[in-house]
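In the two complexes below, chain A is the common chain; its partner is chain B in one and chain C in the other.
Moving on to the complex of A and B:
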């Protein structure tokens, strides 16, 4: 899933500035799962903002809506009925994709309430970790199911570098060295010979380096 | 004899001389005076000088420009080149430029992560890794091809290619195999991380000899003279990929004259390294203490330096 994290409330209030009525819009997708922008977080954030404005002697009206997904026009259009003249702006609690889908659809100022962090998963309740670099050409079959593109701090394809010590990355002792993990896993699977091959430079044109990307599936397109 | 690059370093190594290289960190300003001073000071005591490439990710004069200053002072440069700040386009462009300026040796590195340096908010590049850079430099020379496969019609850059090895990083048993990957990719010479744990380095070299790697590339053992007990303790505790045995830190702590003790330890290490089969030379990394290199070289019995035949 896409993992996101709320911006500090004071920062959001500053981004909102002099507003009287806002739409606070949650998303029922990834950000609900990672506890950043679901219905519950929308309620908490709206209440906190109202209190903050009240303390400053200002009135703030919030309308709270949580869409099934903000990255899907079918659900984004359901916001239509709330987009009235007096709404000063939309505060989106979705990932960066959702924020943009709202901005593309409605002629209102849209403010992101979250920082979109990474593609990852839940390690334990309240802990999420990055797992995929979205590089566009998966090589996990070569590395024992551990991604060096995103989990190695230097995205090395022929690791580990000289900074790997006691299984930890040189950048920070809290970061496991991805190449130590790869080494251990390939050793356990009796596939260490995979590490002896020189991996050639990666084709980054399949990643964001090739420009913004698009996937088209002709077989499922309608018309 | 046809040379790969024809650098002085290549010639001395192939003639069987025990080579001495030193390291100079380019300045955090735009004057060449310091580099020229160090090159003058070192030129009779080392066979070549490494110029670091923004080491620890701190902005400094480029290793290529610094290498040109070293050349002007009559000394042989080895430019370090990391893949942290440049993609394959910029790296190859700089290789062409460096060669055109007379540089003949290049050491290919990953580079310290930018989080250690003075621009921790920078974006890192890592388009390619150090092993891929080695292969690219080799292909420029031997295949006369750019990384994309396009032919270099004339004047291909012909570098003597260096790589780093760290026997003190983990997993230890994979370190020799990774060195072999670097040699297979095209490394002609190797410079190791600073050696303090001699026992571990001996085990590393035994594995190197077992695989015959010392016959495929010249291995220069890295040494660093310690300036103080505090520096020793810092390296032991805070520098990633380094092992400093307690015994060495103790020696520095007990010494009445820590600098002299640091030099004595370094000289002992060099004398010991010379006896290890497969060690083709030493690389002296006197960090912020380049002026001590002549003393070390003399005391280690490595002065005067040989001339190219």
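Moving on to the complex of A and C:
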């Protein structure tokens, strides 16, 4: 999932500025799972902002809506009935994708309430870790299911580097060395010979280096 | 804070666990212990039911102080409800600081069902604390 985290309230209030009525829009996808922008967080955010404004002697009207997903036009469209003349802006609690989809669809000022962090997973309730670097060409079959692109601080393909000490990364002792993990895993699987294959430099054009990416599936296109 | 002629009487909401604080409140009553009438109790099945949104809602709707009263640590009927409540209360306190209401208006207390006198004491202490802090800043026009 895409993992995100709320911006500080003061920052959001500053971004909103002089508004009277806002739409606080949550997303039922990834940000609900990582407890950053679901229905509950929308409620807390809206209540907190109303109180902040009230304390300054200003009235703030909030309309709380949580869409199934903000990254699909069919759900984004469901917001239409709430977009009235008097709505000053939309506060989106989605990842950066959702914020852009709302901005593309509606002629309103859209403000992000979250900082989108990474593609990751839940380690335990309340703890999320980065797992995928979205590099566009998966090599997990070569590394025992441990991604050196994102879990190695240097993203090296033929590790470990000299900074790997006692299984820890030199960047931070809290980071396990991805290449140590890969070695341990391949050893356990009896597949250490995979490491004998030297990996050539990665073709980064399939990652972000090639510019914004797009996936098209002609077979499922309707038009 | 006291700019009105009548003394400020805070409105306090106490979210009380059924297994301890609520029973302690009952005991305090049976023991004929006096505690301030400012405190309004809300019974919860466990403080593990504590919801940050509800805590904020209490302040938004005019509470001057809010506290959550759960079992002694290690004694939760549902094992960890009070520990979870503690974390949520901490989080809500931070939010209240950010909002400008002040996290000190929200507290968590731990007691057992047999601690009637302690219940009365907590109600007394917290009411005094909030009385000193003054009314919820949201109530003051153009605070």
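Side notes on the structure shown:
Criterion: the second predicted complex is superposed on the first by the 222 of 223 C-alpha atoms of A that agree within 3 Å, B and C clash if a C-alpha of one lies under 4 Å from a C-alpha of the other, contacts with A are read in each partner's own complex, and residues count from 1 in each chain.
Heads up, the rule we're going with is that a contact is a pair of C-beta atoms (placed from the backbone, for glycine too) under 8 Å apart; a residue touches a chain by one contact, two chains touch by 3 or more.
Note that the structure is a prediction, hence the values are computed from the model and not measured.
Touch criterion not met for A:100: it reaches neither chain B nor chain C. Of the two partner chains placed by superposition, only chain B is touched by A:204; chain C is not.
After overlaying the two complexes on the shared chain, residue contacts for A:122 are found with neither chain B nor chain C.
Touching more residues of chain A than its counterpart among chain B and chain C is B.
In the superposition on chain A, contact of A:170 is made with chain B only, not with chain C. In the superposed pair of complexes, A:43 makes contact with chain C only, with no contact to chain B. Chain A uses no single residue to touch chain B in one structure and chain C in the other.
Those residues of chain A that touch chain C in the shared complex are 8-10, 40, 43-44, 47-48, 50-52, 54-57.
If you check the complex, the residues on chain C that touch chain A are 52-53, 56-57, 59-60, 95, 98-101, 137-138, 141-143. Within the complex formed with chain A, the residues of chain B that make contact are 83-84, 88, 110-113, 115-116, 124, 126-132, 135-136, 147, 164-166, 168-171, 174, 177-178, 180-181, 184-185, 193, 240-241. On the side of chain A, the complex with chain B involves touching residues 153-167, 170-172, 177, 180, 183-184, 195-196, 198-202, 204.
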